[in-house]
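You will see subunit A twice below: alongside subunit B first, and alongside subunit C after that.
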Partner chain A sequence: MTEKILEVKNMKTSFYTHVGEVQAVRGVSFHLDKGEALGIVGESGSGKSVTSMSVMRLLQYPGTIKEGEVFFKGEDLVKKSKAEMMSVRGNQIAMIFQDPMTSLNPVYTIGNQIMEAVIRHQKVSKAEARERAIDMLKLVGIPSPETRVDNYPHEFSGGMRQRAMIAIALSCQPDLLIADEPTTALDVTIQAQILELLKDLKKKVNTSIILITHDLGVVADVCSRIIVMYGGLIMEEGRAEDIFYEPLHPYTMGLLKSIPRLDLGHKQRLVPIPGSPPDLIKPPKGCPFAARCPYAMKICLEHQPGYYERKPGHKAACWLYHQDAPTWELDTGVRRVKG
Partner chain B sequence: MEKIMNETTPKEILLEVRNLKKYFPIHKGIFGTKKTNVQAVDDISFYIYKGETLGLVGESGCGKSTAGRTIIRLYNPTAGEIIFDGAEISKMDENELKPFRKRMQMIFQDPYASLNSRMTVGDIIGEPIDIHNIATGEARQKMIYDLLERVGLSKDHASRYPHEFSGGQRQRIGIARSLAVEPDFIICDEPISALDVSIQAQVVNMLEDLQQEFGLTYLFIAHDLSMVKHISDRIGVMYLGKLVELSSSKALYEKPMHPYTQALLSAIPIPDPEVTHAKHRIVLEGDVPSPINPPSGCRFRTRCQYAFDRCTVEEPVFQDMGEGHMVACHLMDNGKA
Partner chain C sequence: MGKYIIRRLISMIITLVFVASITFFLMHAVPGGPFQSEKALPEAVIQALNEKYHLDDPLWKQYLDYMKGVFTFQLGPSFKRVGTTVNDLIIAGFPYSAKLGFFATLAIVALGIPAGIISALKSNKWQDYLVTILATVGVAVPSFVIGALFIYVFSSKLGWLPSFGLTSWKHYIGPVIALSGFSLAFVARLTRSSVLEVMQQDYIRTARAKGLPEIVVIVKHALKNALIPVVTYLGPMIAAMMTGSFIVEKIFAIPGMGKYFVESVSSRDYTVLMGTTIFYAAFSITMIFVVDIAYGFIDPRIKLGD
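Up next is the complex of A and B:
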């Protein structure tokens, strides 16, 4: 029996702006097993980043968690005070962000920034913290860490800064690492280095990882389980193989059809998803994808579908899987090369 | 499939670039007296056939955008020739250049920064029409409406301002603006990088349709190799200001010759768990060196796993390995890849 390290139950997060309440996350439930890499995929505005910021309790005004529970190792993070959260963040849950240029402090050395986290959360001397900082830089593959530890962020390249961010995040050996678009700002050859590093770290230190990205290639590479988000809701959830080879939700299928495949020889015309994502100030009454869905029925526009589980762990929020729904010839967009 | 390549009709060259260089001076020292150069584009040569799409890929700082901007004369080239439809445009002054400005257009990466937020969409699209005296009055209005409809917007949008549109819609406005002067050649500088996946496909399909309809020629600059391979007939790969490889997109993917191209292709994660896990990934060590002081000889040698003595001392020649597959690598001289 695998141990659940994180369980999010019916979380709703809104931003109260001057134009109205933006319902960024509208009731999201998922869990993460120990040592697992979970991918959250979605386009901008799907609520994937807000979900992670809510879990971390890092939402800024005017964002608020309206409802829901976030159980981390059995304790509800939503109920924790600010001070209690401080001892969780950076210590037991760590986060790396998209932009390594702005998430490091330019006036402190890289070493100082790693030491800060270690000294804050663990009873160690400065000298020990420095040792730890050097070890962490070595772990994330920074060459000559003994001298690099005294460098400032501007002396590091983009890829090295992201490695330094990962070193800070891992310095207190967190149980959970949330990576929000960790490679989006990086070049592909540097992205490859960072992805290899994340996979390697998962094996070495057995950290559980939540990887948030819009890049289906990145999740296919790193994650064993995937959540697809759209319009503040989870559309589909399953193992990577389920999502890529037997997608259930028309949105997932639409995504697969709209990306070109480098590895497939013949050129196929892309099939875009028509229209654009819903406005979450006035979220649609029914399924958020209904307006863009080729299979939309009357009920889709009026009622939000529940989750239909096709096999253990693989479920989708779609009326097509209701017992009374008509059977469609679904164009899944799956282009499986082997087997 | 490959629109041009399979036809037997002789291919006409629309644009040729010969030994193009673009250096940006930087001033050092207290009085700014010491001058060095950023060698953003250093001696690249290629040509584009009429009606084809040439992709230009490379990582940030490789000079691909600078190359595009220099070709369209947003920057003045440091050296080299740009021959557009038989005319040498690299040294022309603004007056001489004006008729060519009408024939060459550009679509920019950032749909938020490339549209003037104080102008209505109608005026944004109308501006090039006015500058080149293409139409006035009702004819101008009709042109604007037609263009809006052609890019999938409606004429009601003409009186609105850019902030009322989403990123994908803004990019459509930018495309409509570039089409307003009925150009032959459009430089697309990362036109879809800022857009969501589902919207990217909409824009790419539209660019393909417009190419068919108006017989456009594209220079498509991007870092996303999957998308470049999808849209391009031929692809050039740049590294640190140099063109290292250029061939048909099929050959480039199936038979990449330059070690950098091989690494670049292997680094791209494929959205298919089985394929991506089975893939042998060449992970390049380190980072791209600075274009202020690039490595001697072959610029890729500091990260190349095959580098040998000759790569340090001698710059490889960009040469044709057959069927127009151009490569700049010393390994090719021995016939091994």
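Up next is the complex of A and C:
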């Protein structure tokens, strides 16, 4: 029996802005097993970052978790005090962000920024923390870490900075690492290196990982299970093979069609999903994807679909799987060509 | 670092040469001479005076003599105060201006920066509104109004504080408020906007994600970055504070540099006018240099090495 490290139950997060309540996350439930790597995928604005910031309790004014529970190792993080959360953040749950160029403080050395987390959470001396910082830099593949530890962020390239961010995140051996678009700001070859590193580290340090990205191509290699988000809701959830080869939700199919294909080179035609994401101040009352869905039916506009489970662990929120729905020839976007 | 300092010193000297030259030629381009007045002096007297002060020499010679004076710190005799040199006037006036400027600077740094920080951290709360209102008033109301109001209320009406001179600590209150008012308000606003901007940066989120307490996030991660633009402003501002505001010195009857500067303008005392201008310029240039060095310590991205 696998142990659940994280279990999010019906979490809703809103931003109370002057133009109205932005319902960024409208009730998501998912879990993560110990040692597992979960991908959260969805177009920009679908609520992925807000989901992760909610789990970390890092939301800033005017954002709040208005409902739901976030169980981490059996304890509800939503109920924890600020001080209790501080000893969770950076220690048991760590996070890395999209833009390594701006995520490190320009006026402190890399070493200082790694040591800071270690000293904060563990009873170690400054010298020991420095040793740890050097070890971490070595672990994430920074050459000559003994001298690099005293460099400032501007002396590191983008890829190296993201490695340094990973070093900070892993410095206290967290149980969970959340990586929010860790490769989006990097160029393609560096992207591949960082993903390779994450995969490698997952084995070495035995951390559970949540990898967030708008690009399904990124999660394919690293994650065993995938959640597809749209309009602040989970549209589909399943094992990576399910999502890539037997997608259920028309939105997932749309995402699959928009993955750049290496095998086709420049001749490929990317098919972005036409239309734009829903307004989260007045979210649609039915399926959030209805306005862009080629199969939308009358009921889709009226009622939010529940989850239909096709096989254990693979489910989608779509009326097409209701027993009374008409049968369609679905353009799934699945490609069997591999390698 | 050493190389950088030498390079900077050279460029400072060049800047000073420019300032001194422009001042010199502007003075000579202005019609009218120092010995013109309503009461016409006899031709012979003017002749004698011109000779005495070398005003008959060709312009290039006067210029070279003057530049030599500037670089040997001999700014020449005053045309109007017989027997006094410009150096004497600066030595007499600068200590007053400098002391006043020092306290004004202290007030600006010790009050303006914390006010800006509080305002930013409590943005849109009453503390922020209070600071914003005070700062707007401070920026909008000119120093002579603050000074005059101060004298009216605290000296004439209430009789609590003296209205002129600089002999006791009480004498400093009015002039320091009048002198620092604008910059204090400006620094508070600058600090506020800078802190607000820095608090939105990604590295602040990173610091929070490490589990650091908010106070460490603010003091360690935000302030060091947020104060960079403030330090930039402080350099030339300190120079301006220390060399005296003629308005404030006039209102509070303080015998500082500003007083001599103003008098030299109205009396066409050219050497005093040029001398005080160049002194001010030299002081400013030096302060900017000091700030640039300080920069190197705050911001590692700025390389002073090459």
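Definition applied: the second predicted complex is superposed on the first by the 326 of 339 C-alpha atoms of A that agree within 3 Å, B and C clash if a C-alpha of one lies under 4 Å from a C-alpha of the other, contacts with A are read in each partner's own complex, and residues count from 1 in each chain.
Definition applied: a contact is a pair of C-beta atoms (placed from the backbone, for glycine too) under 8 Å apart; a residue touches a chain by one contact, two chains touch by 3 or more.
This is a predicted model, so every value here is computed, not measured.
Contact with neither subunit B nor subunit C is seen for A:Val19 once the two complexes are overlaid on the shared chain. When both complexes are overlaid on chain A, the residue A:Gly254 reaches subunit B alone and has no touch with subunit C. Once the two complexes are overlaid on the shared chain, A:Leu58 sits against subunit C while remaining clear of subunit B.
Of the two partner chains placed by the overlay, only subunit C lies in contact with A:Asn105; subunit B stays clear of it.
Which of subunit B and subunit C touches more residues of subunit A is settled by the count: it is B. Of the two partner chains placed by the overlay, only subunit B lies in contact with A:Ala240; subunit C stays clear of it.
Once the two complexes are overlaid on the shared chain, A:Pro274 sits against subunit B while remaining clear of subunit C. Interface residues of subunit A facing subunit C in the complex, by the touch rule stated above, are 56, 58, 85-91, 94-95, 97, 99, 102-109, 113, 116-117, 120-121, 152, 154, 165, 168.
Residue ranges of subunit A in contact with subunit B, taken from their complex: 43-44, 157-160, 187-193, 195-196, 214-218, 220-221, 240-241, 244, 254-263, 265-267, 269-274, 276-277, 335-339.
For subunit C in complex with subunit A, the touching residues are 201-203, 205-213, 220-221, 224-225, 298-301.
Of all residues in subunit B, only 1-2, 59-60, 166, 168-169, 196-202, 204-205, 208, 223, 225-227, 229-230, 250, 253-254, 263-277, 281, 283-284, 287-288 touch subunit A in the complex they form.
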